[in-house]
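In this document, chain identifiers A, B, C, D, E, F, G, H, I and J correspond to the written order of the chains, with residue numbering beginning at 1 in each.
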Amino acid sequence: MDKLEMRHTLLAAKARKKMSWDDIASAVGMSPVWVASACYGMNSASPDIAKKICTTLDVDGDIAEALVAFPTKVWDEAIPQDPFIYRLYEVVGVYGETLKDVVQEQFGDGIMSAIDFTMEVDKVEDPKGDRVLLTLNGKFLPYKSW
Amino acid sequence: MDKLEMRHTLLAAKARKKMSWDDIASAVGMSPVWVASACYGMNSASPDIAKKICTTLDVDGDIAEALVAFPTKVWDEAIPQDPFIYRLYEVVGVYGETLKDVVQEQFGDGIMSAIDFTMEVDKVEDPKGDRVLLTLNGKFLPYKSW
Amino acid sequence: MDKLEMRHTLLAAKARKKMSWDDIASAVGMSPVWVASACYGMNSASPDIAKKICTTLDVDGDIAEALVAFPTKVWDEAIPQDPFIYRLYEVVGVYGETLKDVVQEQFGDGIMSAIDFTMEVDKVEDPKGDRVLLTLNGKFLPYKSW
Amino acid sequence: MDKLEMRHTLLAAKARKKMSWDDIASAVGMSPVWVASACYGMNSASPDIAKKICTTLDVDGDIAEALVAFPTKVWDEAIPQDPFIYRLYEVVGVYGETLKDVVQEQFGDGIMSAIDFTMEVDKVEDPKGDRVLLTLNGKFLPYKSW
Amino acid sequence: MDKLEMRHTLLAAKARKKMSWDDIASAVGMSPVWVASACYGMNSASPDIAKKICTTLDVDGDIAEALVAFPTKVWDEAIPQDPFIYRLYEVVGVYGETLKDVVQEQFGDGIMSAIDFTMEVDKVEDPKGDRVLLTLNGKFLPYKSW
Amino acid sequence: MDKLEMRHTLLAAKARKKMSWDDIASAVGMSPVWVASACYGMNSASPDIAKKICTTLDVDGDIAEALVAFPTKVWDEAIPQDPFIYRLYEVVGVYGETLKDVVQEQFGDGIMSAIDFTMEVDKVEDPKGDRVLLTLNGKFLPYKSW
Amino acid sequence: MDKLEMRHTLLAAKARKKMSWDDIASAVGMSPVWVASACYGMNSASPDIAKKICTTLDVDGDIAEALVAFPTKVWDEAIPQDPFIYRLYEVVGVYGETLKDVVQEQFGDGIMSAIDFTMEVDKVEDPKGDRVLLTLNGKFLPYKSW
Amino acid sequence: MDKLEMRHTLLAAKARKKMSWDDIASAVGMSPVWVASACYGMNSASPDIAKKICTTLDVDGDIAEALVAFPTKVWDEAIPQDPFIYRLYEVVGVYGETLKDVVQEQFGDGIMSAIDFTMEVDKVEDPKGDRVLLTLNGKFLPYKSW
Amino acid sequence: MDKLEMRHTLLAAKARKKMSWDDIASAVGMSPVWVASACYGMNSASPDIAKKICTTLDVDGDIAEALVAFPTKVWDEAIPQDPFIYRLYEVVGVYGETLKDVVQEQFGDGIMSAIDFTMEVDKVEDPKGDRVLLTLNGKFLPYKSW
Amino acid sequence: MDKLEMRHTLLAAKARKKMSWDDIASAVGMSPVWVASACYGMNSASPDIAKKICTTLDVDGDIAEALVAFPTKVWDEAIPQDPFIYRLYEVVGVYGETLKDVVQEQFGDGIMSAIDFTMEVDKVEDPKGDRVLLTLNGKFLPYKSW
């Protein structure tokens, strides 16, 4: 079973169970963004967590194996089109150079890891319109000289 | 004076004054990421803030006018190459679809605004290696039906 | 059922019923452009409207569910080829910079939302050749400084 | 004098005169969007109008000649990056196919001309946030068969 | 039935009938280039002509409906590869700017329509090698000022 | 002197002399499209014709040398943006496959040469709007088998 | 039967018959490169040669018809990836401008035809490593002036 | 002195001396294609040959140094536009896969080197039109297994 | 059987046998990277090695034939997206020019072959985090002059 | 002084001093590849090393400051053209997927860092042609789950 088939099965099971990502995340003891990305096939799960996801969503063990497999991470469009995802791309375009300068001024020459990395979504209620809070947390990796 | 010349002048003045973005931000009463982006030419400042930036960095009033001008926001590469900026692009590629699902499940069909939007950088000290914390805060905009 | 299958079913039903978008729009109490975009899978409908669309077109309830689902909005060609759509793209290319200046002069630094947004099509009869009137109506969003 | 130099001269004169596009448009008896696009070098003016623009902005007659010249219309990016212009591009991507169907249902097989074409910008005040109204008005051109 | 299936059916029928485009064009009273483009799915036919094409090629009435449908015109490669089509693309690249100047000098600022447009192919016999004569005939559309 | 400088000089001289391409073409005994393309730097002239062009436009002999040089033919955009040139590109996209079939049916497997090639522009007056007539005339080259 | 199916059939038959392109070429009295390109679907064969190819490879007459059909020549990648084909592309990149100059110095302004064109492959044995000899033979086509 | 300046100097000297590539090649004892590519900056010369080229063309010793420098080989367009160079690209596109098969059948799995490589241009006179003969000669390199 | 089917069969057999690439490589007496690349379809094996791979993985002889076939080497994305592969691409981008200079300074003008080439992967244990050691070993090929 | 000017100055000084990268690397106590990349502007040096590089090459202190500045790492071509660099790109294309599998089998799901990374060049003398040995050494970074 490949990641694509796994993903269809898991999303269908999630719909059938009427569970949110928060529900599943609580059930397996992980974070909603990570659980969703694993079910979308963009991260691998440990055998233990994979089993918990399958139990929670009532799907059989083949799926657990597919969740454990190491994914090849690819996306469809170099420049995303869906407005939700494009806005994130736009933020990288507009603020990328600024962030590089502000972060490197504090941390030195290096990058924020996208591998040793976690991310959370929060909702901030606001009478003028609720706000989405995305928190990206990545290890700083200094460039090596040798 | 265009934004490019303004930017060179401001970055040179910043280096001469040996001030960090934090220092300038405190002096003008705004956030470091926003101040840096205005000095890079990717945001416009109000006349009042523009004047404060110029005073802080000891540059003359033409610069203030350039800071107030409404920028055309463009970036050089559709797919960024500098490793710092590429990692952010990679996060959008790997997690974009996941984030869309997690956010829309909580907020309904819509997007996180990149216009009614703020962003902060923080440093989390960690014995295994300090971590960069990026916080994106955007108003949720529901799609309209009509 | 995904949006693509939904779309084929709805367009076939529309042909079978010999209804125009105007007819369907009147029947469900919404605007023709929005109704068409929802049936094409580029907007989500509320459960209530989805049900009305299905009743109007005599299709079953699975379709209603697909109309309610939040779409991922993508299009086939970065630069459109069909002459009808290309002309719109050309207008953006030729007048984009001009519009930005004219609008921002009146409204300040910001954008016209494509999310809090509606659009209408009208026909203006003219002996020298009828004219198409497209009206785009989007909320102005000022850039935030912080 | 080429269109680029003309444009810089006209925009500088406009700033010096502290006139808005509305002011200039009233003075020359044309529409603001068209006047702005001619000054940006994306449309040619008749000798008569060109002279009026020059008189209004107090610039000399070489500029009039440049305004009269037939432009080669090009734009910098196949996919625009500035958020203002991108939102228009996004509208074409999201609604292009829908518009083609809605318009052709009413008018027959053909296109909306981008040449025999006018456009207006209006401001609709709204307590929840002012709205931008763009009106595109193009002659319908039926495909010929032969 | 979509345009692709229609096209396969019509080309197969044409081969079976051993008719040339000239033969079919004469039978239906239209021009060979237009008839071929309608059968390839790049133009729509009136119901009357569609019926004649179907009668001429002995195919059933579903095909007529597909011929009448308004096509979405797309092509596979932004830069064509087949040597026949590439040579036409090359002519546009090499002579495009020249033609713009020569035509606009005679007609004023505007374009040659590709919609109100016809095209013919002729063969000029020549002892040094026969020559292909392509005649493009498009309405001149002056840019509007407003 | 390179082709670009030559072109600027020749277009300036043409404006100064207030001659049309037709005027120059008559004076040198060649066709307007070819003369324009040589002056734009997209074709080389024989020394004899080059001299006549220089005499006609009152420019000195360096220009003649540049007219005689063999050009490297390049154009700026793989997909043209100016509406005049784009319409020609669109014709190639919409009708390319059709033309290949219609021509090869008459001539056999091969191409229309873009090298052994001439082109003319004519104006057809028409009360409903004048029409542009482009005539492309290229030698048919059959594919060789060996 | 289309060219793709033809190609699979012919390559399978060739493998079954354990014949090399040289063997087939000798049997049909043509050159190996041309025979291979016809079987790959990149050239059309005369009915006579097509029949000989079919007889040699013991395949039935439908294949002959497909060999006679005029191909649309397309290739998968604008920049080839397979190392064998990339090296040829690299030669065009590195030496293209040089070849243009060397050939045009000898022949005048024009091109080497890729249509009235043949090509051969030879093996030159060499103790330091055998060498591949590719010979391209194309008619010189002078640019026409008119 | 960089390769670009070197190239301009050498081509100007060649024009001044009215020497062909054949003349220069004979004078320095190398092949015309190689000499031209070295002067264009796409190959490096040994100090000895560099000096001979400079002597032959009467240019000073800085040029010799630039001829000896190891070039970075780049070209302007991924898909060439000049018709002369495009025809070579087209040959690679149309025949690349065929050549790979024909050559590998004779030589085994591997490539024709573009580094251990030479190339010649010859003219074959022909009453029906002279022909260009390009001979590419590259060492066959078998893929290694390990 | 084509390379894609072969690859699926071999990877499935490897999973069933629970063998690592190291295990298979030892069994067939070749290196793990090469064995993996042959099973992925990016290198051809000799008949002898192909048979050993099939015996080791208990698959039948058709697979051996597919392993022996000469592959056409293509990859999906010009710019890789999976983070593992992108990091290698980034190394080529960041260090490519540097490596060219450092290697050519030692070896002269030429390249490192990617054909007469081997590669190994090693693991270096390190308390601060294990390290990956990639060793690329390619024959130096000097450019020929002729 | 920006990185580009710094690079020109350093390469000129290196040529003047007739030092190899090995010589400079020994003098400053770092590795040749790293020293070259810092001088090319693709890595930043510590103030101490920067001073040593300047002393070794006899250039003044402004250069040291430029060496210390944090670079924005960009490269000219998404797909490199110079044959030396292209071969490295080809290795990533041909072996990227293979390496991912071989490395992840040994190390788990993760990547080889291109930041905590070093690289060496060695020469292996060989009577059949010397070989280039590139050694890449990067920390393995496991993907985090959270």
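In the analysis below, contacts are C-beta pairs under 8 Å (C-beta built on N, C-alpha and C of every residue); 3 or more make two chains touch, one makes a residue touch a chain.
Which chain is which protein? Per UniProt: A, B, C, D, E, F, G, H, I, J = Cyanate hydratase.
In this text, all values refer to a predicted model and were calculated from it rather than measured experimentally.
Q: Spelling it out: a chain qualifies if it touches chain A and also touches chain I; which chains qualify?
A: In this structure, the chains that contact chain I and also chain A are B, J.
Q: G-I versus E-F: which interface comes out with more C-beta contact pairs?
A: When E-F is set beside G-I, the one with more contacts is E-F.
Q: Could you figure out which pair among E-F, G-H or E-G mirrors the A-I interface, over half of its contact pairs being identical by residue number?
A: Match found for A-I within E-F, G-H or E-G: E-G.
Q: Suppose chain centres are the mean of their C-alpha atoms. Which chain sits farthest from chain I?
A: D
Q: Could you work out how far the Cα centre of chain B sits from that of chain G, in whole Å?
A: The mean C-alpha positions of chain B and chain G differ by 56 Å.
Q: Calculate how many whole Å lie between the centre of chain H and the centre of chain J, each centre taken as the average of the chain's C-alpha atoms.
A: 30
Q: Distance-wise, how many Å sit between the C-alpha centres of chain E and chain I, to the nearest whole number?
A: So the centre of chain E lies 49 Å away from the centre of chain I.
Q: Multi-chain contacts only, two chains or more: what residues does chain E have there?
A: Residues 72-73, 75, 78-79, 81-83, 90, 93-94, 97, 100, 104, 110-111, 113-117, 141 of chain E touch two or more partner chains.
Q: Which two-chain combinations qualify as touching?
A: Contacting pairs: A-B, A-C, A-D, A-I, A-J, B-C, B-D, B-I, B-J, C-D, C-E, C-F, D-E, D-F, E-F, E-G, E-H, F-G, F-H, G-H, G-I, G-J, H-I, H-J, I-J.
Q: Using the touch rule from the top, collect the residues of chain G that touch chain J in their complex.
A: The touching residues are 79, 81, 83, 86, 90, 93-94.
Q: For chain B, which residues are in contact with chain A within the complex?
A: Within the complex, chain B contacts chain A at residues 20-22, 32-33, 36-37, 40, 42, 73, 75, 78-80, 82-85, 87-107, 110-114, 116-117, 119, 121, 123-124, 126, 128-141.
Q: Report the residues of chain C in contact with chain B in the complex, numbered from low to high.
A: Spelled out, the residues of chain C in touch with chain B are 30-31, 34, 38, 43-46, 49, 70-72, 97, 100, 104, 108-111, 113, 115-118, 141-146.
Q: For the complex, which residues does chain B have touching chain J?
A: Against chain J, the touching part of chain B is residues 76-77, 79, 81-83.
Q: Any idea which chain C residues touch chain A in the complex?
A: 72-75, 78, 114-115
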